[in-house]
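Structure first, then comments.
We just call them A, B and C in the order they show up, numbering each chain from 1.
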Amino acid sequence: MAHTPTKGRKLLFTLIAWTIGFLIFFPILWTILTSFKTEAEAIASPPSFVFFDWTLDNYVEVQERSAYFRHFWNSVVISVGSTVLGLLVAIPAAWSMAFVPSKQTKNVLMWMLSTKMLPPVGVLIPIYLIFRDAGLLDTLTGLVIVVMLINLPIIIWMLFTYFREIPGEILEAARMDGAGLRSEILYVLTPMAVPGIASTLLLNIILAWNEAFWTLNLTAAKSAPLTAFIASYSSPEGLFYAKLSAASTMAIAPILILGWFSQKQLVRGLTFGAVK
Amino acid sequence: MATAHSRSAARLMISPAVLLLLGWMLIPLSMTLYFSFLRYNLLMPGAHDFIGFMNYRFFLTDPAFFSALINTLLLVGGVLVITVFGGVLLAILLDQPMWGQGIVRVLVIAPFFVMPTVSALVWKNMFMNPVNGLFANIFRALGMQPFDFLGQAPLASIILIVSWGWLPFATLILLTALQSLDRDQLEAAEMDGAGPLSRFFHIMLPHLARAITVVVLIQTIFLLSVFAEILVTTNGGPGYATTNITYLVYAQSLLQFDVGGGSAGGIVAVILANIVAIFLMRMIGKNLDV
Amino acid sequence: MRRSIWAAGAVSVLAFTAAAHAETITIATVNNGDMIRMQKLAEDFTKNHPDIQLEWVTLEENVLRQRVTTDIATKGGQYDVMTIGNYEVPIWAKQDWLVALDDMPDGYDTDDILPSIRSALTYEDKLYAAPFYGESAMVMYRTDLAEKAGVEIPDQPTWTDIKKAAEAMTDKSNEVYGICLRGKPGWGENMAFLTAMANSYGAAWFDKDWKAQLDSDEWKAAVNDYLDMMNEDGPPGASSNGFNENLSLFQQGKCGIWIDATVAASFVTDPDESTVADKVAFAQFPNKEGVDNHGNWLWSWNLAIPTSTDSEDAAKQFIAWATSKDYTKLVADKEGWRAAPPGTRTSLYENEEYQKAAPFAEMTLNSMQAATPDKPSVQDVPYTGGQFVAIPEFQGIGTAVGQMFSAALAGQMSADQAIQNAQQLTNREMTKAGYPK
């Protein structure tokens, strides 16, 4: 029968899928490989894939030039901080929209999403002035707030679609047992929503990690994250492919590893209500 | 279920989020609106004269404006088409029985984690560079002249770069949706003699409609403000070939330091984004019972 | 026992006060080779100034310019030392954004700074920035390729000479391109080169009433020759090549002739970085027959202190170190005289060791001395400058015009169309900015 696949068919699909997967992943693989080459080998024609003299010099040089770990730590603080803060604001909001919907719910949600469509460059100077007056320039606090705000609509929406799947009867039952609003959220809803919250958390850490406009424009030295670190390798003098590759690898590796390890949790909540 | 008590509690719980977003939107926006009526160049401090709609006139009659509008639509549309089509095909492929599905999924998902600046730098230098890039090497090995991607097909190249980053996102959502499809339904259709194409169009595609809507909505939000990829690769050029609205506003406010002109551009961009938002809302309303 | 606790406490208090006294200055700089070297050598400074800590913000030129301009214009106060060009210095000094550097420490020897650079950084008789390195533009070419092609490039070539030589050197099947020039859009990228080239054709940006002159015959001739040369003998993808990309191409041996900033000379002759280090010769920036103008390119990267700083003294000490004769000596000790930051001090060019190590020294100095920023064009013009026009609006205009010429180079627009667009948009922007003033 057709739906119990023959070995041949399975082999064919395996081959196609692996080829495509490899092609999609190739730019990253190539960057990682290049980061272990010398500058001369990095531009050698024809290029060499694995049979070159592997070297760590590029990593040493990048670390010497820029304080990688400080940038890394700033990225961690900004992405985790903004996400956690965002969740604190978003969970009650998403809860109320999911369980006490009103006529306005849909409009409010759409309005929230539409705030994400504003081009950030249009408001850079106002924000810069506000930050200057509030003493928030080049501070992690300021960045956590801004990154939280730009991702808040997505957090709320993800949580909302997730909460909506939780059947209302459970709440009814909890209320019958005399549970108050607080315990309703704390003991009944939250545990059920944990997978959704986890995947929201992960997605937003990724988005915040990769946010490159505000993090680059509102920082100088003290709170600059990895997006600023990579900006200093973008177009230096002379040969730079290998150093660029090393810096790129260092900038994406942490989030790539996190993403790979947690991809199951991430994918589970990534549906945005698209799956019933 | 929704008593008056729970309703007021609900309002209380949603208010921090609403207030924050309202502040985040209104405060800078009203400042931007105010600036947009001034002659305000960062390099020329002093009195900022009120000049009425002059900034708007200059922005809207800028020869780059029309190109930027078209480029924005092409960029958003192009990436959506590639990621949705590619995503559906990839999702169907990944849904097939195979060895090492988990590893393939890991490979496919990876580009989503790469920050836009890095991906643009890598594509521009190590792949598309017509002298040292890998593509140039491949072209030469095949006995052809290297192709200057960012010079000859700039917008298409940027669409490619951006699509690479978003394809995993579309694929994952669509794959999850596909996996929730009732297998019995498919088998029944197969028994009835429906071919693969007919099964795809009559069963899979309708089932994926919601997921596709979600992909389109989320990606549009992000794609309207694509910026880093353009800044790193082409600086909006050659000519205006890759200038989108966001980049045009950037050029006004941070290359010319014309805050007034940039603010007018920002307001125009906000209005355009809202038009798109209304359009999207209609679409969502039909396909997604939010 | 108790005493040792007290002692430990006292030590930690001392340590604390010492830390509290340590002043941190934030330095914004470009990711060019010379600045990266400065960052590496900065230990020499902190060693002698234990009370000053340095924080570095190293960024690509365009991003850096955008960041420091935003900061200084809004008085954000994020930076204590900024790396800026001689384009910005007089404009910013006029706005009172910069701290005057008229009381540099003893032994700094301000008089040693090359006169052309010094006057470019002076506003109302006060020095507002200290030059870190300076440059003009010149021709760099491959002696081996010239010999092979049987061409000779005179010390003062004309554009006809250059064109002929480029044609003869080109060998596309071996990836040798006769000429490499900037094509990446930007006022500091392709427009720096094209403005200098237009100057040497006798062209000018504006007439005395600030009307754009981009559609003049001189500009047309310059742009057409530029496009012809690049299309026939240039590398592929030239429309995205800036200084750095061309440097890398030249170092790989892929360019016959490269006309660009003199500072490149020390990189292309560096045997560690360049595959053609011993096969390079130099010539003056070309001119068109009968036009007495060699482009007037003059640029320097300078260190300046914004008035919004709260560590003025520490910043001044740092600048005095980084632009001193001793710093030059330090670089020479560590990496040889060839690597010394060029184009700022007369004493460097009088140094015999430098002359021996740097075959490009004489040509660099001559080019810099020949540049006359006070009179950029052979025509009568209302502006000063050289490879740029010294008005605040030029960044925006130059970049937009650069986009047009870059599009023409990529073949997306005809030369005439590009010139016409450039002319229109320049006039448009000038009207918007309220010229003639």
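In this section, a contact is a pair of C-beta atoms (placed from the backbone, for glycine too) under 8 Å apart; a residue touches a chain by one contact, two chains touch by 3 or more.
Per UniProt, the chains are A, B = Sorbitol/mannitol transport system permease protein; C = Sorbitol/mannitol transport system substrate-binding protein.
Computed from a prediction, not measured in an experiment: that's the story for all the values here.
Using CA-based centroids throughout, the chain positioned farthest away from chain A is C.
In terms of C-beta pairs in contact, B-C outnumbers the other of B-C and A-C. The distance from the centre of chain A to the centre of chain B, each centre being the mean of the chain's C-alpha atoms, comes to 15 Å. For the pair chain A and chain C, the distance between mean C-alpha positions equals 38 Å. Residue numbers of chain B whose C-beta contacts span two or more other chains: 42, 132, 254. Across the assembly, chain C contributes residues 70, 74, 248, 252 that each touch 2 or more other chains.
In chain A, the residues that reach two or more other chains under the touch definition are 43, 124-125, 129, 231, 233-234. Residue ranges on chain C touching chain A, taken from their complex, read 26, 28, 31-33, 36, 39-40, 55-61, 63, 67, 70-71, 74-79, 242-245, 247-248, 251-252, 267, 273. Taken in their complex, chain C has these residues touching chain B: 62, 66, 69-70, 73-74, 91, 95, 175, 184-186, 235-240, 248-249, 252, 254, 392-393, 395-397, 399-400, 403-404, 406-407, 409-413, 418, 421, 424-425, 428-429, 432-434.
Contact residues of chain B toward chain A in the complex are 1-2, 6-7, 9-11, 13-14, 16-18, 20-21, 24-25, 27-29, 31-32, 35, 42, 90, 93-94, 96-101, 103-119, 121-123, 125-127, 132, 134, 137, 140-141, 164, 167-169, 172-173, 175-177, 180, 187, 190, 210-211, 213-215, 217-218, 221-222, 224-225, 227-228, 232, 245-246, 249-250, 253-254, 259, 262-263, 265-267, 269-270, 273-274, 276-277, 281, 284-285, 288, 290.
Contact residues of chain B toward chain C in the complex are 39, 41-45, 54, 58, 63-64, 124, 129-132, 136, 145-146, 148, 150-152, 154, 233-241, 251-252, 254-258, 261. Of all residues in chain A, those touching chain B in their complex are 2-3, 5, 9-10, 13-14, 16-18, 20-22, 24-25, 27-28, 30-31, 34, 43, 45-47, 89-90, 92-93, 95-97, 99-102, 105-106, 108-110, 112-127, 129-130, 149, 152-154, 156, 168, 171-172, 181, 206, 209-210, 212-213, 226-227, 230-231, 233-234, 241, 244-245, 248, 251-252, 255-256, 259-260, 263, 267-268, 270-276.
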